[in-house]
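In the two assemblies presented below, chain A is common to both, partnered first by chain B and then by chain C.
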Partner chain A sequence: MDYFLNLINTIGIHTLLGLSAYVLLLTGQLSLAQAGFFAVGAYTAAILTVIFGWNILPAIGLGMLSTGSLAFLVGFPALRVRGLMLVVATLAFGEFVRMFFYNFEWRVIQEGVEVGPEGTMGFSEIRYFAEHGWTNWEVTSLIWVFVVIVMALIWWADQTRSGAVLRAVGEDELAAGTVGIDVMVTKVAAMTVGGVIAGLAGGLYAHQITMLDHHAFTVLLATFAIAYPILGGVSSVFGTLVAVIFIQGLLVEGLRFLGDWRMLLFGALIVVVMNVKPRGLFDSQMLRWIKNALRLRFSRGLS
Partner chain B sequence: MDDFWFEFVEITQSIGDGFLFGSTYALIGIGFTLIFGAMGKLNIAYAATAMAGAYSSLAIFIFFDASLIIIFIVSAASAAILGYLVYLSCFRFIPVHNHLAAMMASVGGLFFIDEVIVHTTRGSPLSFPSMFAEAYFEVGPYGIRGDLLFVFVIGLISTGALLYVLFRTRLGLATRAVAQQDVAARLCGMSIHSTNSTTFAVAGLLGGIAGAMTAAAVGILSPVMMLPLTIKGLIVTVIGGLGSIPGAIIAGLFVGSFENVVMYVRGIDERDMYVVALLFVFLIFRPNGLFGKTITRD
Partner chain C sequence: MLEVRALSKNFGGVKAVKELDLAVNAGDIFGVIGPNGSGKSTLVNLISGVFSATSGDILFQGQSLSRLSPHARVRMGVARTFQNIRLFPGLTVWQNLWVARNSAEDIRAEGVSYRWFRKGGPVKKEIDNMLEFSGLADKGDELASNLAFGEQRRLELARAAATKPRLLILDEPAAGMNQDEIRDLDWRIRQLRQQGMTIILIEHVMDLVMGITDRIAVLNFGSKIAEGEPAAIQENKSVQEAYLGQSKDD
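Right after this comes the complex of A and B.
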């Protein structure tokens, strides 16, 4: 049961990570920086609960605020460049954050024990859930409540003008500019929102996994973050969720057959999917097919 | 006064050593920029193919005790073949306008190559034959390392050969034509796919040489070098300007010196952070890089 719950938790956190990249992908930008914001959110929330003894919700909240501000600041230089250069910039930023935490030390004596992030050794003993008597089910529920809230918010925003503005910028910046959309503001806003969501994911992750290590925040995680919405397509938030379940399930199953070689499978999978369906697995074509299939099934039932 | 002089010598020595080592970054940067210039896409797997070339040459060295020249030739050739395979799997069949999908596919290629290397070598670093390591020239208070000088000379020769191919042969003419305007090139009867695959192979050759150079200068080959090399290569390409070969050369030499000075002043742990910070400085003040063509369309 614990193993199963762990998997559910990972899927939840990765869905949030994927959603943070999804918002940016709507505006047509591929950001490999989400793992960096994830790391900042994780360390901030963990430092607040461990060193300052905060309650978890305000800690995660402040974590989200800090990653949002960071994303806002990073957005300006990063978004001066387009497309591929943005990938390089965000990739570099992600690595910068990882190297920062590789060097970051803040040790504090608490009740006779030293706690806090310790550079290369990482940040262990993030025991908030254990110390406050949270059961595993409660942790999973907390994570998934947030996932549902974020998905609902994004879905709702997509039905309003905000969604149209984001997608307009994503489709054609020049055209969007001519109808009066401030492209720069939209892109920075998207980056900030993406940063906030990633910070939320990071805060939850830190407490769920109880120890942070810079190895967790590499380009691989950033690639996962962007692979989910690319695989899932930008037509719907549910695509990202399905993609997370698919990839995590695949990796878990792959572990059984291929053991350590499953990363090979992941790399090959990306290559194959990109060649076969460059617009993502759940592009508008696929969604239409699903809708038609469901309609046929229901109409047969009625008649 | 003596202290200042000592520091001055040490720092200029770092700059000089970094400058010579920077030729490896310059070659990687040229490779990235060639592919970007020809196709408008980034091949994130490029540095990985370069290192894979170095690994295959190391294998040849271990099993057959090959000589220096053979090592470089094998590295270049295998990286060229790998480059062609990456083109086939990640770029050939993806629609031309879809840059992101091709790039994502090349990220997949990077993981694939990385995993293969990690598993073949069980993740442990291997020592690479260092050439001319014993040679050491003294010029006043400075010392010039023979192996770094060798690496620099190879870089010069490779760049010279590349420029010759690019500007004095028909293949180079075709590559430049496709880079400038592929529709017109096709109208003139050039095959885009064969020109692009040749560009990938040529970039692969360069990458293989760069991979062997890096391994020779550092003395070891380890899979953990792959990602920093990719990132630094990309940083060099962006700083030099996407699509500009002189930009990549100058940026590569500059980044090499810069990172070495930073390493002397702040230690190796923080060195790469400053290189990334340098990228962001350029992005703020000169987003098109030193010589980049102004990017007007995504």
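Right after this comes the complex of A and C.
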């Protein structure tokens, strides 16, 4: 059961990570920076609960505020680079963050014990949930409440003019500027929102996993983050969720018996999916199919 | 309304536009013609802000557009269409118009929540009217990429008009159109002028240009070689040499 819950938690946190990249992907920005914001959110929230004894919600909240601000600052230089160069630039940023925490130390004595981040040794003893009597189910529920809220917010935003404007910028930046859209504001706003969501994911992650290590925040995580919305497609937030379940559930866990060959199959499967469904697993065709299937199901029920 | 002063644009060694002077009066339909490579599209890109000028200035209602980004120029009331249609293919027809509502008056009138969030009320009415005007009333939820060529052209025009411009620049809107479509375009342009827009028409289709414009400027190799009313331009010898070909009598 614990194993199962851990998987569910991972899927939830990775969905948030994927959603943070999704918002950016809508505007056409391929960002490998999300793992960096994730790390900042994780360390910030953990420091607040461990060293300052904060309650978890405000701790995560302040983490989100800090990653949002950082993302806002990153958003401006990001405007100057396009496409693949943005990938490189955000990758560099992510590594910068990881190297920062590789060196970062803030040790404090609490009740005779040393706690806090310790550079290469990481940040262990993030015991908030245990100390406050949270059950495993409660932790999982907390994570998934946030997943549902974020998915609902993004879905709702997509029904508004803001969603259409984000997508217009992603489709054709030049044309967007020509019809009066402020492309700079749109892209920086998307980067900021993406940063906030990644910070949320990080804060939850830190407390769920109880220890932070710089190895967790590598390019690999950043790649997963952007792979989810690419695989799931930008037609719908559900695409990202499906992609996370597919990759984390089916590929990472389900194929564990294959050992390291799993990675080969993993890569091959992604290539196959992208060829069969270039607009992602959950493209508009899939959505239309689902709508029709539901309509048939319900109409049969009535007759 | 629009004044172009000694405008020049160089791309490396290529002088696409050379010391160009133009003046467009409010309410006019002003034609710009010339062979391919004469600098017409560069001119449109300079006015709309896609390119920045090498030297010279562009004044719109007395104000210089020089340092303004494309979207800022739209806010001031300058809009343009693209020669090779740049719609937002993944957005629906309705959404293409919705995201274009960026005129100063719309920004003022709608307020933050309305503008960003609500689809209903006066906004819906206006967009529906625009769809009606463009013969796209039943295509609102269709993806822009699924439209027929003629429909895409009408949407491109409607989207530019949705920014509520004072000055609308049309970059070869008749390209690829048949006679019926050109007649329809002629009617549309006149309707837009009646609604108060000043129009600059870049075109190759002479029937359309000669029939609809008040004044025409002729470009060749980045410079203006003639300017005047349609009849005068048709008679002009250097224009004939450069572009129009000999008259029917020759």
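Here is the rule we go by: the second predicted complex is superposed on the first by the 286 of 303 C-alpha atoms of A that agree within 3 Å, B and C clash if a C-alpha of one lies under 4 Å from a C-alpha of the other, contacts with A are read in each partner's own complex, and residues count from 1 in each chain.
The rule we apply is simple: a contact is a pair of C-beta atoms (placed from the backbone, for glycine too) under 8 Å apart; a residue touches a chain by one contact, two chains touch by 3 or more.
Since this is a predicted model, take the numbers as computed values, not measurements.
Asks: Overlaying the two complexes on chain A, which is it for chain B and chain C: clash or fit?
Replies: Fit: chain B and chain C sit side by side once superposed on chain A.
Asks: Could you look at A:64 and tell me whether it touches chain B, chain C, both or neither (first, second, both, neither)?
Replies: In the superposed model, A:64 contacts neither chain B nor chain C.
Asks: Taking the superposition as given, does A:21 touch the first partner, chain B, the second, chain C, both, or neither?
Replies: Neither: A:21 stays clear of chain B and chain C.
Asks: In the superposed arrangement, which partner chain does A:165 touch: chain B (first), chain C (second), both, or neither?
Replies: Second partner only.
Asks: With the two structures laid over each other on chain A, which partner does A:180 touch: chain B (first), chain C (second), both, or neither?
Replies: After superposition on chain A, A:180 lies in contact with chain C alone.
Asks: Give me the angle at the C-alpha centre of chain A between the C-alpha centres of chain B and chain C, rounded to the nearest 10 degrees.
Replies: 80
Asks: Check whether A:204 is in contact with chain B, with chain C, with both or with neither, and answer first, second, both or neither.
Replies: neither
Asks: Mind telling me which of the two, chain B or chain C, contacts the most residues of chain A?
Replies: Answer, by number of touched residues of chain A: B.
Asks: Taking the superposed arrangement, what is the smallest distance in Å from a C-alpha atom of chain B to one of chain C?
Replies: 10
Asks: Mind pulling up the chain A residues that touch chain C in the complex?
Replies: 159-162, 164-165, 167-168, 171-172, 174-183, 284
Asks: What residues of chain B sit close enough to touch chain A in their complex?
Replies: Going through chain B, the ones touching chain A are 36, 41-42, 89-90, 93-95, 98-105, 107-116, 119, 227, 231, 234-235, 237-238, 242, 269-270, 272-273, 276-277, 279-280, 283-284, 287, 295, 298.
Asks: Flag every residue of chain A that touches chain B in the complex, lowest number first.
Replies: 28, 30, 76-78, 80-85, 87-89, 91-93, 95-96, 99-100, 102-103, 173, 218-220, 223, 226-227, 230, 260-261, 263-264, 266-271, 274-275, 278-279
Asks: For chain C, which residues are in contact with chain A within the complex?
Replies: Of all residues in chain C, those touching chain A are 48-50, 69-71, 74-75, 79-80, 82, 86-91, 95-96, 98-100, 102-103, 115-119, 143, 159-160, 162-163.
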